[in-house]
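This is the structure I have questions about; it appears just below.
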Amino acid sequence: MITLTHYLLASALLFAIGVVGVLTRRNVLMILLCIELMFNAANLAFVAYARALGDTGGQIIVFFIIAVAAAEVTVGLAITILLSRQFKTLNADEVSFLKW
Amino acid sequence: MVMLAWTILLAPLAAAGLVWLVGIHRKPLASSAAILGLLIAFGCALQLFLAGRSGALILPLETNFAWIALPGLTIQFGVLIDPLSLLMTLVVTGVGSAIFIYATGYMHDDAAYSRFFGVLSLFAFSMLTIVLATNWVQLFMGWELVGFSSYLLIGHWYAKPAAAEAGKKAFIVNRVADFGFMLGILMLWAYSSADPAQRTFNFLQLEHAGLVHGAMPVLIGLLLFCGPVGKSAQFPLHVWLPDAMEGPTPVSALIHAATMVAAGVYLLCRAFWLFEGLPEVMTVIMWVGGVTAFLAAGLALVENDLKRILAYSTLSQLGYMVMALGLGGRTAGMYHLTTHAFFKALLFLAAGSVIHGTHEQDIRKLGGLWHDMRWTSLTFLIGALALCGIPPLSGFFSKEAILTVAFARNPALFSLGVLTAGLTAFYTGRAWFVAFTGKARGHHGHESPPVMLIPLFVLAALSIVGGFLGLPALIASGVHGAAAPHGGAGHAGGLLVMAVSIAVVAIGLGLAWLLYGKQVVLPGQVARALALPTSFVEQRYYIDELYSWYVLHVQQRYIARSCEWVEQRVIIDGLVGGITALTRWLGFTVRLLQTGRVQAYVLVFLVGIVWLLTSALH
Amino acid sequence: MPWGLLAPELGLCLWILVMLLADLAPATRKPQLSWLALGGIGFTAVLLAWQQPLWARGESFQSMLAVTHFSGLYKCFFTATAAVVVIMTRQFQRHLPAHLGAFYMLLFTALLGTFVLASMRDLLMLFLGLELLTFSLYIMAAYLKAEAKSIEAGMKYLILGSVSSGFLVYGIALLYGFAGGTSFTQVQNAFTYALTVPATAYAGMVLVLAGLGFKIAASPFNLWVPDVYEGAPTPVVALLSVGSKMAGAMALLQLLTGIFAPIAAFWMPLLAALSVATLLYGNLGALAQTNIKRLLGYSSIGHAGYLLMGLSTGSVAGAEAVTYYLLAYLFSTLAVFLVVIAASDAVGGDALEDYRGLSQRSGFLAAVMFLGLLSLAGVPPLAGFVGKLLVLLATVESGRLWLVAVGAVNVAIALYYYLLIVKRMYLDAPRQTQPIAVPAATRVTLYVLVLGILVVGIWQAPFLRWISAIR
Amino acid sequence: MAEAVFFYLFTGAMLAAAWSVVFNRQPLYSVLSLLVVMFCLAALFVMLQAYFVAALQVLLYAGAVLVLFLFVIMLLNLAPEALARMRVFTWQGGGALLGLWLAFLLARIFAASAQDEGALSAASAPRGSVEAVGQLLFEKYLIPFELTSFIILAAIIGAVTLGKREVPAKR
Amino acid sequence: MLLTILLAPTLGALALLALRDDQHAWVRRIAVIATSVPLLGALYLATHYDVARGGYQHEVFVPWVASLGIGFHLGVDGISTMLVLLHALCGFTGVLVSYSIKERVKEYYLFYLFLITGVFGVFLSLDLFFFYFFYEMAVIPMFPLIGIWGSDVKEGGKVRYSKEYATMKLTIYLTLGAVVALVGLLWLYVSTGARTFDLPALQQALAARPLDASLQRWLFPLLLIGFGVIAPMWPLHSWSPIGHAAAPSAVSMLHAGVLMKLGSYAIIRLPMTLLPAGAQFWLPWLASLCVMNIIYGGFVAMSQRDLKLIIGYSSSSHMGYVLLGLACLTPVALDGAVLLMFAHGLMTALAFALIGYFYEQTHTRYLPDLGGLAHQMPFIATCGVIAAMASSGLPGFANFVAELLIFLGGWDRYPVQIICGVFGVVITAVYMLRVVRGTFFGPALPAFAHTRDARSAFERLPYLVLVIALMVVGCWPRPFLQMIDASARPLIEHIMPVLPLAAPAEALH
């Protein structure tokens, strides 16, 4: 029997993997990718809840999240391109001139 | 009468104000105002005295106004005229006037002439405040103010480091004494009445009512005695007085011989009702006095500075007075105070005249002044003889009175007193023979102007006749209610005492003549023979060394320095600096979290999230 | 439909398009764009004023947005901020390479985002408003394409911002699952009537808290702040510092006093702890700074600590105090940043050392900076003092005295580093002596801001009345 | 039963793909793994009867977003990322551990909140059809919808402004 | 009248804003006017305080923030009248002394006048909010005043404390104290439940429903320490001597003369008035702490060699007497404490003004470098001796009266502390005379041959004003004391309804 909690646990794992990715990948692009994982985990949670509640509202929110995530990717990629132009690297570690 | 009484107090004050406000650049105005002020005071005092004699004035006369009036605490300021204060007032104003007049000559060429008279007037006012005070606070105010005036006058020639230091020393030593004195006054007040609102500082009320039960009168008495020890330069706080000779000579005469230093004795008389009943305190007082008298006389033996000799002699005589009071001889002490004021002022003024004429005060460099300065020498001689106690000069009678009391009360002190009398005669003779007789040694003096000589004559006259003015009776009449228990001479032992003292004086003078007049034996040889005691005496018993060791090495080096160390190292660097450094260090550390790596930031973010989620689980 | 309720937002939308078109204007006309932008802000202000009678009615629009006193008040704050940022941009615009129109457009989208946040009645609107605001800021932060600092700032802001929105969204999901809907009414009812509030709801709440904590620069979600402040173009930093923080604080205020009010006992100690961490982090970190923008970044963290402190009371007094604090903070921070912008070209940089002897080069700028910094430090008779006082008072009323003690100590620490700037400006000798010219628009704006600092600091009653109307 | 099978299948695949996104050195492979994640998610959405969202997931995410990623990867010609060997002992490793802790925490939270719930399939289904969603979107969610357009506008304009190479200023 | 006093300096400062930077003459004229008006006002207050009626008089009340219970409430009682007078005197003479400031004159007077306003505000406010408001406002102008126009504290040519250090330390220290006090005030405000910052209203509310004694015991030390920092209470004093030493002379004058009194005034006005049980519990501790102030401060002063540091430490030593007077909780001692605030303020202002005067010409105030200045500047030397003597508690100056009253009033309660206090007078004399000796006396030094005395009446005016004020109060303290007592006595009676008197025999133990 698959309950809501199953889905939620799946989403939690997905979320955590995303977070781990954000922390461990050095490439900015990959970090953005992992952030997408986090958003998707949230989407899964929304849809699962929507299903459990019998409410379409949750699905609509997912729609918005997808739109926002897409927009974010747009901005993120633009900044990534700037970054690679300026620093000739996408390694987040190496872009640490602003500190202390 | 009340007006007269107030005038005594206010005339010198007005003079001082006048000098300071408008006379500071007008020499004649300054000196005449000061002299006039004091003369007016003298006149008023005389009138009161005569009125008292004639019975037109019933003593004591007390008049007050409330200086501070708070619920439960009233501090008055007023004038108390009783025989004691009247006598003292007459001495202060009378001798003072003579010295003021003398000073116009002595200080004639001084650049700070007006300032000098301004301070003198201030001194006169302060001294009269003590004398005429109706209560302890007023007395204390005068007490402090005379100290201040004394400070200024000793340091009159402030350019001289020695003078500046001497003034400072005098003030500080007195302050140390006043510490005890102030506490004594506080305690006296605190125990004056069981009801806090009824406490009083008033002399007459205190004398009348006494202290409450449970008070610690011995402690109070000892603390109060601290005041005289400082002001009257008793052992061990006598060290300031010799140094105070750095001041102009009229100052030495007025303040450090005749009046201010006598204030301590006056105070003992004023509070005699208290001391009288405290045998322990009386013992302390008489021994302090006796020891001072003896030690100071010893110091005078080896001193070569004319003024300092006189200063030690003053110390010694003050010791006499204190001893007399400690022995219960209130009349004798006060009597000696009066005569001493006459002859010591005379001696100082004469010495001043010598200095004025020769610009020298080392007796070894003086000599043969008898030829150059006849009048001065004559008056000095009169004073010296009075000091020695040669009958019938005034000193004889008063000293007799003291020795008689001592004889009756305490043989040990009597012998000390007699010994001191011999020493006195010896050093006085030494000064006389070295400085005034024989041949001049390089310095030829010129006689002083009349304005200086006339005061000398007046004082000389007083020194001569001082014994016949009926002073003891006058003083005795001041003891309210109680009969004068110890009048002057006339006891069974009187004749014996007289004989002994005259003999001792004669021996002393004779020895001085042999050593310094005739020069049978060279003094140097004597000194060598008595090397150890001489050096001990020459080093002033090492008391000054002890004090300067304390001040420089204990107080300055250890106490003050360690406080400074605590301040700088513990409080500033440690407490404040430590907290500052810690904060700054935290700041530097905290910002190291900011590594610049974006993922580190995410990590911290995540730490926060995890913490928050953990708390959500609670 | 009562479109009047949306008038300011619609006006903004219109102006976003206008600015977009204006970006096509020839390069020579670009300087005039700032007037156009100011016109838009003026237009918005007029619409706000026109709408003002509606505030009291508190009507909502499709359960998504509501027009209340609270929202109106904050919209006024945001509009004022935007106006000053336009003036700043005007002063700064020679640094901005191109696309000035797009820059202003982004300013307007950010403003729209804050307006949405001010009016939101639904968690979805929270998310969208926040994203609108944040996206605009990401781009604006990286706007100086030729400068490595600016790009780095943009990158960091983007990554941390995205991560934080990820958490926020996840939190919203959890709340949605708990309440069965995202509208505030639903969530609040769920909290109120739930027999036991499940852990997911608490988790959702804290994740939303973290997402907003990121906006207001609460520790430990604030490590981006100093870097971004240092790297981003100064007008953007001002917008970040005032607009974005204010938006975050306002959103928190709404959520905490609204939907999360039933579980106040849960979040009050959390916020108090966050407040302490934030206060200490910001104020201690600022001690060692040498760059004025970075220092102001740390200082803005410190201020977030006070905001959190006010929020942690969970009381009406706390809410009012936070609002007052923000009002004071708005005037003071904008004044300081405007001076930084006006002076930075002449003094040659953003290092603290560059400010040596500023008072002798421009007494006016130095004086404004002095007042602004002291107001931030909380010195009477300036606005910041009253803000701090109210926050501390509310915290005392809440009974959390240790928190007040921490706040009080931080006042002194903060004063120290503000005075370090004052020391440079007033005590040290200038390197150069030629006077600094201040353009008229900047000067007038500075006068207005100083007046604001003084009036808000001295004559508190009308502002307090105004603020207390938000209840 | 079939539900369970599908659930575990898709979930397992999704998590494995997600793992691959995170731990793959080749950016290209990461993106492709993400594509797998998306598809699995879409499948799960379908299982949850959110058809419209599932479609969006495939179209928007897989179709648009990931393509954008790929495009940028190609554009920048990204080399494989050099991963530090001993990353467990770096702060990144600590981060990974913390991430796992996060998963554990979330799991506990969900577990703690789960109260005798029945199978999800038994619950009344939401109307996840396109019509239902569309109706809601343009009625109740009109304002968010319009607002989203501004978000996208800002993002696009921003991306254009940022991404555009400046013509060197004519002096 | 109170408004005039408060607003005159502010208006003066605003008027300065309208002037150009180089209009020095006008700047100074305005500053003189802006400070002489309050001086006249203060004299008016001092002569028109109705002793029989007592309490707060000349009140001004403007409702300010009704919701929080804040009102702009001004008023004076006998205690604050004295301090207003003190501040007016110091402020006025400070302006005159500041004529020697030649750089950035306008800025200087601006900050100066704001400082003056703040301090007047504290003394006049009867509302806790405004009290604190002005209190903080008074602290901040010190920062630029010391930092810009001050001087480093040098010792043997080396900088011991730089002026930046001094001013930063001072400002931060005082702010720290102020915020501690603020916490106390807010806590007090909240716990009374009266929701008012108005002092008389609070007094009434607390009289009707006093705070719990244990709460008072918590509140009192917050306020005591908070305000005690500026008083300055040992061991929190270390900002003050350094601050004095680095400040320009007029600022040192205000700083030592008036600012320190803010602390003791605040302690009287707030915690003692509002928290009687706390006062009963904590003030005995204060009484012992003050002894450290007195003795320790004196000894540290003794080992200093910078004149301003000496006077600085002496101030902290003398403020010990003030605190001791407060701690005694008897009307007479409190009268003495208030009078000593006044007297010490004038005396120390005089001392700093004098040091400033010759420092200007000698460029050193390092004691070993000085000497014989009485030759070149007899007037200054005379005033210097007067200041030293006033400080040492010479009768005729107000300090004596004040110290005497503290001793008399405190004897029954803290005999041991009083004994230490009396001993402190000896220490004072030691270092004060050392200063006089080292500075003015001794042979004329050729290095100072160029120096000149204050000759014109105008130059002498500030010193004369201060000396005369000291002497007037010192010689005829009765009316002043009655004025103070009218306010001090009810306060003490409020704290100690029945004065528990130690039995005389036990008093010493």
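A few remarks follow.
The letters A, B, C, D and E name the chains in turn, as written, and every chain counts its residues from 1.
Assume a contact is a pair of C-beta atoms (placed from the backbone, for glycine too) under 8 Å apart; a residue touches a chain by one contact, two chains touch by 3 or more.
A quick note: this is a predicted structure, and the numbers were derived from the prediction, not measured.
Steps from chain A to chain E, minimised over paths through touching chains, total 2. Looking at chain B and chain D, the chains in contact with each of them are A, C. Look at the CA centroids: the one farthest from the centroid of chain D belongs to B. Of all chains shown, the one whose average CA position lies nearest the global CA mean is E.
Here the chain pair with the top count of touching C-beta pairs is A-D. For the pair chain A and chain C, the distance between mean C-alpha positions equals 26 Å. Centroids of chain A and chain D (each the mean of its C-alpha atoms) stand 6 Å apart. If each chain is reduced to the centroid of its CA atoms, chain B and chain C end up 77 Å from each other.
Look at where the CA atoms of chain C average out and do the same for chain E: the two points lie 42 Å apart. Annotation for chain C: residues touching 2 or more other chains are 124, 128, 131, 135, 138-139, 142, 145, 154-156, 159, 163, 167, 199, 202-203, 226-227, 288. Shown for chain A are the residues that touch two or more other chains, namely 4, 8, 15, 18-19, 22-24, 26, 31-32, 48, 52-53, 55, 57-58, 64, 68, 71-72, 75, 78-80, 82, 92, 95-100. Each of residues 92, 95, 98-99, 102, 106, 108-110, 112, 140-141, 144, 148, 151, 154-155, 158-160, 162 in chain D touches at least two other chains. Across the whole structure, chains are in contact as follows: A-B, A-C, A-D, B-C, B-D, B-E, C-D, C-E. Listing the residues of chain A that touch chain C in their complex gives 4, 8, 11, 15, 18-19, 22, 28, 31-32, 35, 38-39, 41-42, 45-46, 48-49, 52-53, 55, 57-58, 61, 64-65, 68, 71-72, 75-76, 78-80, 82-83, 86-87, 92, 95-100. Against chain E, in their complex, chain C makes its touches with residues 359, 363, 374, 379-381, 385, 389, 392-393, 396-397, 401, 404-405, 408-409, 411-412, 415-416, 419, 422-423, 426-427, 460-461, 464-465, 468. Chain B makes touch with chain D in their complex at residues 599-600, 602-603, 606-607, 609-610, 613-614, 616-617.
Residues 591-592, 594-599, 602-603, 606 of chain B touch chain A in their complex. Across the interface of their complex, chain B is touched by residues 155-156, 159-160, 163-164, 167, 199, 202-203, 205-207, 209-210, 213-214, 219-221, 223-224, 226-227, 270, 280-281, 284-289, 298, 413 of chain C.
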